[in-house]
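Okay, so chain A shows up in both of these, paired with chain B first and chain C after.
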Partner chain A sequence: MSTDTVTNYEQRPVVIPPGAVSQRRFRISRLATPYALLLPAGFLYALFIVYPIIRQFDISFYTWHIFPGVPNPYVGWSNYARIFHDPAIRTAAWNTLLFLVITVPIQMFLGLTAAALLTDRLPGRGLWRALIFLPVVTSWVVVSYVFAYIFAQQGGLANAVLSFFAGHAVHIDWLAQTWTGNAVIWIVSIWKGVGWSFIMFLAALDGVPRDLVESGRVDGASEPRIWRHVVIPNIRPTITFVLVLLVIGASQVFTQVYITTGGGPFGSTGVLLTYAYQQAFSFFDFSYAAAIASLMAVLVLGLSILQIRLMRRSDG
Partner chain B sequence: MSIITLKDSKNLTKERMAREQRRARSSAQPGLFGIRSWKKSRLIMACVFGAVSVFPLLYMLSLSFQPTGDILTSSPVLVPAHPTLQNYVQAWSENSFSRFFVNSLVVAIGTVVITVLFSSLAAFAFARYRFPFKETIFYVFLAALAVPSVELIIPQYLLALKLHMTDSLLGLVLIYSSENLPFSIFLLRGFFEAVPKDLEESFRLDGAGSLRVLSRLIAPLSAPALAVVAMFTFNFAWEEFVVALTLINSPTHRTLPIGLNFFISEHTTQWGPLFAGSVIATIPSIVVYFISQRWFQRGVSLGGIR
Partner chain C sequence: MTSIRLEKVSKVYPNGFEAVHELDLEIVDGEFMVVVGPSGCGKTTVLRMIAGLEEISSGIIQFGDRVMNQVPPKNRDVAMVFQSYALYPQMTVAENIGFALRMKKVPKEEIDKRVRDAASVLGLTEWLSRKPGQLSGGQRQRVAMGRAIVRNPSVFLMDEPLSNLDAKLRVQLRAEIARVQQRIGVATLYVTHDQTEAMTLGHRVAVLRDGALQQCDAPQVLYDRPKNIFVAGFIGSPAMNLLEGVLSAELDRVTLGSQMISLSPSVLVSHPGLKKYAGRTLVVGIRPEDLPAADHQRGASELKGDVHLVEALGAEILVHFRLDASIVTSEDSTRRKENGESLVGSGAIEAECIARIEPRHIVRSGDRFTFAVTEDRLEFFDHESGLTIWD
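Showing the complex of A and B:
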């Protein structure tokens, strides 16, 4: 590489440390430095994230066997075609979509409400903030077990409360029925997720210019109008950010389903990833599972870009 | 802690940051939404939010002190009627639970060290240097935010097989670190960019190299962001389930989230020891959260998120 091309990238004066061997060598080292700094992170990232993404696409075009020595024939798009003729995956896709449509808006609404309550001074504000965020730092596994117990058929809290109000013993097997099982999964997820939206919105509300709000009030605007015309536009980037990340998260739902209902009964509470996981690690159908996961990755990425675009447009 | 060279200018930045903080705090004082008069209803609603958030965890704590007979009755109580430590004794001694705890601790600390170190170096490059394809590389890193853990479990499992990293704690550490890099780099870049350029120039005039600038100037001034990254990463590694479930076979290498599964068999669940184990598993996350909490708000709000 010649010195000229190197200098092109140097648009501000270079500070030459005392004792630098030569200007040329220093410039080259200065250009190499950022790449050297990126190397450790880049290496890990390429090996454990980028390569698996490509490998997953690759596998999805074969009937791929995990056992060495068995031939892995190329099958083209047939694993993808299979997705659209698989009745079992329709349930999983529907459950994932339902999960997304129900949990994301509720989490955002509750998170924003809690943040609005707690931006201004309030007795014990620090305590409330800490308590609301607490579910976020506890683990999915632990939380799923706690809710599995609360909704257990025998000895569970939910049935005990219902028995108390009904006046007779109630024995609902929450986790073994489709609708109630799904509902328990939604409840766990909303309960654990609200704190995250809350903390994001809290940070955003802190940044809303107070003088704008005050002047709106002086002009006689009502509180809902101030929210609509001052507060919401000001926190729009955060709303987009939270929405995009929650949608991504919702499409990835796995642990709480795996632990509470296990996708049962007969796959009726399963979601896309529990289904794919089962295909791979119970039936060793890695190619089909890879096709499902790859298709999901493309859909989620597309959905994220679409959401960001739409939110930007409604900005102007 | 103090840097001998440039001590004054560093104090100056500190002062500037403190002033900024004070201004932010004082501007928050006049009621933002004119609902100062609703103080009572706001307080009640905050109580409800707090209570609902904490109740299942309190309930878990209570159950962990109840004998199995009390747990399975049809009239549950919040305060243990016959408190006992039996569940804890059983949880800790059975199923090499202490081993799982140590495994989880090793994995979580290893992941935090690698993530904080590698993402600081990378964020430093993005924040302080101009180089070809800078933004392209940055977006390649960010793209992984849309394709996180569970979705890549199949190829990651196959890769681990190839690298002989199944059933190894190192394999977990490396996968967890790579999954935490994108968000950490994103957060740290915003912080590192906020450190004044002239400070760096005077550091370099003194003959400091890049690593010295990072470790002595930029990292100390970005402590809140580093704390947030460390907390998120610790919690991620501490509670991760799917990768550990898939990669780890031998009982001696299990981490806590997988170890809890031992209390559940086909027909019976040992709820008491399970919840004692869960409480033990939850304590480190909460401790880490409370330690990092003083930086948390600042770390989130300055992280370029809004």
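Showing the complex of A and C:
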């Protein structure tokens, strides 16, 4: 068909030049390519994420032994029933909840405040941005050990500073007392985590159209009202995102607790994951640990869905 | 009721760029002033300085008798329509329109009433509970207007409010803007790069270039008596043909390349300043509509050109043709001036010109066509300064 004779372009048939692959084969290869490219990542994801999750749920219904050849009897929901009658887990759950309620809002508030201050023309804001984000890229283990040193009873920096100001030797055993131990865990978590919400909010604030803010100013809104009516509604998706991820992260708090206080004294600073870890690797009660972890997974998932729904509804 | 006065207002950015240079402008109460100019001429900066969104580097901005230099935007009682409309996406149309009133703590019943009134004026009543994302471009533009008029502001500012709309809607909303401005009757500053908007809307039009005011006059005055070559070239579409010419020592003709236009004594009467240019080079400006097809009357001046493009628009024909005269461009004048060059740049020896002729004529590309010259309508400019030669 010569192009000169074609007048109605919409009705022009697709012409497959001779020698080209058939349309069917072409379609198959076009669909197959992305899947082929996803395969390696998908394989790793299935092996290291999906399989352990399924296996964890599976184990939670047995009295499971790590040694091969030992029978693993099916016990149904009894591991889950144990959770609700275990007094020790209540402290861990309470500490986890407390950790979440304290660290998440503070991280969000500090992150947003720092982002708000550093979007404007503050001198040296690049340096500030880097400094605030630096803890995020350092290792949890390293940071936890550094804080464990700072708050150590003997030779710790905190006690040294207090001794200097007090004029006499101070020997507070920060990590061996419930409230000070918890406070150290919160401080290290906020210090290390705030940079992440800061970066998220910084990007979100950069995305707020300047016209909207200026329109608010011209409309007679004061700065707090511009934040309330213009900026916050505009960054609401980021707020939801940061909140959900921080809640998930806080529910899974482990490393800093394990390294600084180890959950002690007597489990009083322990959280759900350190408790589950202890059940699995100190008492070799893998099934009970799996039940705790599974219940947490379900709770966190439910909580996240609820949060997203609520935020979406308020967006209207 | 307020007038706006700008006195020697300049804006210099920290990098040294001067966006606005010693601008003097007065917009009287109720006046619709349009600021027009090419991109980057500083027109939006002027508007933002009046709104208080941009600090001024020097000079005075007054609303009535009150100096506004240090007054923050929220206390200026200014309503502004942004190019992007800047509607609050999470608020309904009604909430958007009533936002400024809420900020002023106007009672709720009063807000509702005023929002409904504004909505009915702009035909938005049935959209009041919608959100901006659910509206068309034209409706969003109306909401932005509604947000401004509901406040009864003392100053009304508009920053290219129609530039995001299609041509048809633009014409429709242009008329609506004129109507709304008339209704609220406050000093209005409207920024645009579209000269049709400038000519149709403005009581007066200020032409800005490189941050400096070129001329501020009623639209027809700008068109008929441009103060300089830039205004002459900027106002009018298609633009005025600007050609380098030599005035004869006897002041009775102008030579354009190899052709000659005779000048009647009436031209000298209307342009007495031409006497100083006897035997000198100057710039001759001819509007496209002043080059009709020649009817070969005796004594009439004519210009012959080689037609290379014909645009038949129905009501008229635009004929693009070449003359062997030097074309004059008024671009980059600032740079030229800084470099000590002539303000007026002479271009190629073969000038590209446009004529607007009646549709009954048959013109084809490649023709050598003869145009009559309406000599009373010629404009003359100084070759060095680019200023119009009148007195």
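Please note the rule applied: the second predicted complex is superposed on the first by the 295 of 316 C-alpha atoms of A that agree within 3 Å, B and C clash if a C-alpha of one lies under 4 Å from a C-alpha of the other, contacts with A are read in each partner's own complex, and residues count from 1 in each chain.
One rule holds for everything that comes next: a residue touches a chain if its C-beta (ideal position, glycine included) is under 8 Å from a C-beta of that chain, and two chains touch if they have at least 3 such contacts.
Only a predicted model underlies this, so the values are computations on that prediction, with no experimental measurement involved.
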- Task: Using the overlay on chain A, decide if chain B and chain C clash or can fit next to each other.
- Result: fit
- Message: One more residue to check, A:Gln154. First (chain B), second (chain C), both or neither?
- Response: first
- Contacts of A:Ala88 with chain B and chain C, given as first, second, both or neither: neither
- When the two structures are overlaid on chain A, which partner does A:Glu214 contact: first (chain B), second (chain C), both, or neither? both
- In the overlay, answer first, second, both or neither for which of chain B and chain C A:Val75 touches. neither
- Looking at chain A, does chain C or chain B touch more of its residues? B
- Name the contact category of A:Ala204: first (chain B only), second (chain C only), both, or neither. first
- Task: Classify the contacts of A:Thr33 with the two partner chains as first (chain B alone), second (chain C alone), both, or neither.
- Result: first
- Message: Just checking: does A:Leu295 make contact with chain B only, chain C only, both, or neither of them? Give me first, second, both or neither.
- Response: neither
- Task: Working from the superposed arrangement, determine the closest approach of chain B to chain C, counting only CA atoms, in whole Å.
- Result: 7
- The intersection of the chain A residues contacting chain B with those contacting chain C is 214, 217
- In the complex, chain C touches chain A at residues 51-53, 72-76, 78-80, 82-84, 86, 88-91, 99-100, 103-104, 147, 151
- Message: Under the stated contact criterion, what part of chain B meets chain A in this complex?
- Response: 24, 27-36, 39, 42-43, 45-47, 49-50, 52-54, 56-57, 59-60, 63, 71-76, 114, 117-119, 121-122, 124-125, 129-132, 134, 137, 140-141, 143-156, 158-159, 174-175, 177-179, 181-182, 185, 201, 204-205, 207, 210, 235, 238-239, 241-242, 246, 257, 260, 271, 274-275, 278, 281-282, 285-286, 288-290, 293, 296-297, 300-301, 305-306
- Task: Could you please specify the touching residues of chain A with respect to chain C in the complex?
- Result: 209, 211-212, 214-222, 225, 229-230, 233-234, 236, 315-316
- Which positions of chain A touch chain B when the two form their complex? 9-11, 15, 17-19, 31, 33-35, 37-38, 40-42, 44-45, 47-53, 55-56, 59, 66, 110, 113-114, 116-125, 127-128, 130-135, 137-143, 145-147, 149-150, 154-157, 159-160, 163, 169, 191, 194-195, 199-200, 202-208, 210, 213-214, 217, 223, 226-227, 231, 235, 237-238, 241, 245, 248, 252, 254-255, 258, 273, 276-277, 280-281, 286, 289-290, 293, 296-297, 300-301, 304
